[in-house]
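The same subunit A turns up in both complexes below, where it pairs with subunit B and then with subunit C.
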Partner chain A sequence: MKFNFQGAGIVRGFVETARNFLGSYYDPERLTTVEYPERKLALPENVRTVPFLVYDHDMSGLRCTACKICEQECPAACIKIIKDTVKKSDYLGKSQFQPQVFDIDIAVCMSCGICAEVCPFDSIKMDQVYELATQDRFAPLILHKEQLGKSNAYFHAIHPTDAVETDSLRDEAKRKAETKAAADAAAKAAAAVKPKPEISTTANSQSVGTSATANVEKAVAT
Partner chain B sequence: MNSLDQIFVTLKQWLLSYVPTDFQPVGSALLSIVAIIAVFGTAFALTTILERKGLGRIQNRPGPNRVGPCGFLQPMADAVKMLTKEDIVPYAADKVLHYLAPIVLTVPIWLAFAVLPFGRNMSAIELDASIVFFFAVGSASELAVFMAGWSSHNKYSLIGAMRGIAQMISYEVPLVLSTVPVLMLSGTLNLNEIVNAQSGFSFGVGQWNVFTPWGAAGFLLFMIAATAESNRAPFDLPEGESEIIAGFLTEYSGFKYALFFLGEYLGLFAVTGLAVTLFLGGWNAPLAFLNVVPSWLWFFAKFGALIAVFIWARGTVPRLRFDQLLNFAWKFIVPLTLVNIAVAGIWYFSSDHLAYAVRWLICAGIFLGFYELLGRFLSLKRAPRTYRYAE
Partner chain C sequence: MSTLRKEISNGSFCGGIDVDSPLRHFSGATRTTNTNGFAHDLLEISMGPHHPSTHGVFRMDVIVDGEEIVQLKPVFGYLHRNHEKLAEKNSYLGIIPYTDRLDYICSMTNNWAYVLAVEKLSGFQATERAEYIRVIVSELTRLFNHACLVGFLLQDMGALGTPLMYAFREREKILDLFESLTGSRMMCNYMRFGGVRCDLPEGWLDEAKKVVSDYPGFIDQFEALITGNEILLARSQGVGVLSRELAISAGVTGPMLRASGVNYDIRKTDKYGIYSRFNFRVPLGDHGDVFDRYMIRVLEMRESLKILEQALNQIPAGPIIDPKAKNRGLRPKAGEVYSRIESPKGELGFHIISDGSASPYRLHIRPPSLINLTILEDMCLGQTIADAVIILGSVDIVLGEVDR
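Now for the complex of A and B:
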């Protein structure tokens, strides 16, 4: 039943706020805010703060190949990469460059995520850490390779969908590379075997064999 | 129990016995000043934190709870912050008035506390027309608001000050008119006498003015006018953060800003103390057998309860528009206070002819009928409000 005397709305408002006041004491569910340092809410999957570098297994498995695409694309110019002189082999078994220095100035980074989008090696991804305050505003805000490198498991933990997709693509690439390598090896073996019966071959058949070898070498180089 | 009731009076007399006779009036005044500043200064600090916590709970959040146990040292942190802030005076400001405005606001309000009876035999000075004194010093705050707004040389300050003046003068009228029935029925302007007039008990319940129809109506009207008079939400248009930055406070910073806040809260405390004195029986106990509790404790219990009501209202009612504010004062509150004076007259002259309950019902009926009719009349021209998106 609704009483409609003059000023009834104000009285109802007072009742409502009184209910909020008392209710917030016995029913913690009513509280709309979270007391932050003690309790933290789970972040949505697409939250992004600053970039990080993904590695497989350990830091030596850093996916970054120092291609410098992210450095060039970064609108804020907060990434600094210096190539190492030593190469290493990646997950496909190819020899790749690696960064000697990989620094991100998170004071300049604006969390746009362009670096993560352009990376062809699924190496740079967006992190979800947000407690980044430091006492000094210069040196501690420049994150080095060692601080940026985080495991693939961590990537799975914070961006499950993206990580699963990335992993399946990488597995696919690896499988293709392996079949191709096997096929090439078979072709090479066949090419190596084929000329054997006809030792006095023509120039034509020899040229096929060399081109097959050249193909294999090319595949390894790429 | 009587000794506990009079403990502060005895303490003051004991301290005064060490003072030469010639200086005893001055010493007495100084002791009262120290006591009032200490008590209401503490009350100010306590109210700020309790208000923030209460408003938080009303909005379903915990409120400040970080500084000290349960956040109760928050006022200290606020004070340190205010004191260490830079005190900026605008280049084009009227320096003297800008400096004087917070002082002019705060000092007269301290004077108003001098006449309030905080307990049995516990008012700083005994004046025959103490309520007149109270309203006289209380009206100085209008001057301070205008000084602050004018001297800042800022259009927002000036708009805030103009709003403040219009609002405070408009609500000064119902504030004084709503006290008139009390003065009529108790026949005195002395606040101590007004409390004494409410000290009887009928059927074990205190004979407070608020238990009569004219007293209840006057109390509500007084509370509404007091909210507006002390510039509190929902009548905080002079500050109006969402519209005019901070109104007359815009160009104030640091300790002067804190003084304005102190002044506003002290103004609230003073009118709350007056409401307790006029309508809620002052320092009298509500029930006869509760007389053993010291009188000053009763005063401060009622005082705290009324402050809680002000905080509750602040958390409930949204800010009015300025035309609504003035219409509400002149078209609704002022006529009701006038009707209330008439009702008080009827109450007074019918006492010999009618039974108490009949008299009560007749007086309440007259006031409520007028209230309902006036409310309906004023909302006649308005179409029923439709909420296009909310419903």
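Now for the complex of A and C:
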């Protein structure tokens, strides 16, 4: 539209505003907001708010081994972990600690996701809950192990891609551990029958079999 | 009664005026007869820290003679959060989310500036695909930063709401892209040493291409809405002039400097990342006034779109992070490095001194907003309060970065 008089720029601006206003009545693209509490937009898969802990089956299957890497790496220092005194057998059949106390102060947490990134056990992941307001400033904002623990099914529901990938890695590790356990048992049985010449093969099969768990241990050590 | 209150009540309080300033003896309103022969008063006004036109918690101590500003002192520090000191305690990886919170509008470029400094320090090289992703997200950041800035600038001029909401509507589309890519709309925490944190989700590139191809329509609409507007021209042309010489000697960078006609863009001079591969121009102003600063932003958006089009079409497949680059537990060898990028606001630099331990010995940030703000008084002298508001708006400050 061409105008050539004093004030033409203002008129052109009003034309543009009018076009936008009228456009919002027929073009759904122009409606950029939703009526929030009544309508909620679906969240993209990657969305992260506060961390949570994944467990298999029930709370006793908590994947966390209280290795404290997340506690040490958290830039805001909002995680507090106290190791349990007794070890439990994990999904690989390896005896591991579990956390006795696992607290996250979500008032301090800045949702950066570094804890989930550094966790070598795929235990801590980022949640997608967002209406977290409470009436008290302190106690309700410190989430304990019981509130943080959520099932693997929930993890699959909110981060499908990541969860499938994690599961396949864990299944592979488990298969390796089972193969190793079987090999160990076979070696032991063979050694019982014929002790002397089998010593070297026992050592070999052990070193191959332990590589899966050794990787995890290495990750912890670094 | 507190000391401060006593001073105010007996008139000896003088706010932020220098002790040796000739205006020292004026406290609040003071009688003077030196202009036009009329007897009238100088008035000290404290604008801010909670003032809608100061874009955050920033204070201007202004002394006006009638309508004319005779002295202006910017007062910073209300949003100081100790980022540089916190970095001395955090791991190199743990600093990245803190850089998001410097210039909280442009977290991607902050990430890049820091990550680039650490890469220089420890000799990592980002992978090819990661370099492209970095350029794409940074130019998207530049798009919405400039859109918001002109929106806020016009709001300061009294164009209440409309231009800003148009800008926010476009920003929303880019924030949606960031949300699906990084999981967070503003605090992206996306870049890592040697690459980026996660790969582009499926369909992301097509969505980004759609946003980029729709964006010129928005700029045209925005320009039709406001660029030719006579009120904008009257308010901004010849206001807040910053001369070439002063801009250079004060260390002003970014669109502010280019609006004064100095051809200096770090994307062109340093060619960091892969900027040497893209074909784009650096728009330059002539007068160095508020209008030029407005136009520079509009033109830079168009140039950013050119870069984006090229990058989105050329992006190769491949790994997004160099597997040899260590992120957790990084201990770079002892040394010192300064690295800078062209953030939407100017030269954003990180100076890191490493003593070989897990956290930097010292980290210093060169924030473009702070340095660009130091010449505020020179631009405002002789202008009115209403002009000071738009001059400040045209500087493009984010207080998270100014105070750190």
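Here is the rule we go by: the second predicted complex is superposed on the first by the 164 of 222 C-alpha atoms of A that agree within 3 Å, B and C clash if a C-alpha of one lies under 4 Å from a C-alpha of the other, contacts with A are read in each partner's own complex, and residues count from 1 in each chain.
Quick note on the criterion: contacts are C-beta pairs under 8 Å (C-beta built on N, C-alpha and C of every residue); 3 or more make two chains touch, one makes a residue touch a chain.
What you are looking at is a predicted structure, and each value in this text was computed from that prediction instead of being measured.
Student: Which partner does A:R48 reach: the first (subunit B), the second (subunit C), both, or neither?
Tutor: second
Student: Looking at the overlay, does A:T32 come into contact with subunit B only (first), subunit C only (second), both, or neither?
Tutor: both
Student: On the A-aligned overlay, A:I10 touches which partner chain: subunit B = first, subunit C = second, or both, or neither?
Tutor: Both subunit B and subunit C are touched by A:I10.
Student: Tell me which of subunit B and subunit C touches more residues of subunit A.
Tutor: Of subunit B and subunit C, more residues of subunit A lie in contact with C.
Student: Examine A:S24 and indicate which partner it touches, taking first as subunit B and second as subunit C; both and neither are also allowed.
Tutor: A:S24: touches subunit B, not subunit C.
Student: Considering only touches as defined above, state whether A:E71 meets subunit B (first), subunit C (second), both or neither.
Tutor: neither
Student: Go through the superposed model and pick first if A:D56 touches only subunit B, second if only subunit C, both, or neither.
Tutor: neither
Student: Common interface residues of subunit A with subunit B and subunit C?
Tutor: After superposing on chain A, subunit A residues 6-7, 10, 13, 16-17, 20, 32 contact both subunit B and subunit C.
Student: Which stretch or stretches of subunit A touch subunit C in the complex?
Tutor: Subunit A residues touching subunit C: 6-10, 12-13, 15-17, 20, 32, 44-48, 73-75, 110-114, 117-118, 126, 222.
Student: Taking the touch rule as given, give the residues of subunit C at its contact with subunit A in the complex, in rising order.
Tutor: 90-91, 93-98, 100-101, 162, 166, 169, 172, 179-184, 187, 189, 197-198, 201, 221, 224-233, 328-329
Student: Could you list, by residue number, the parts of subunit B that touch subunit A in their complex?
Tutor: Touching subunit A from subunit B are residues 54, 57-62, 65, 312-313, 315-317, 371-372, 375-376, 379.
Student: Note which residues of subunit A are touching subunit B in the complex, please.
Tutor: 5-7, 10, 13-14, 16-18, 20-21, 23-25, 30-33, 35
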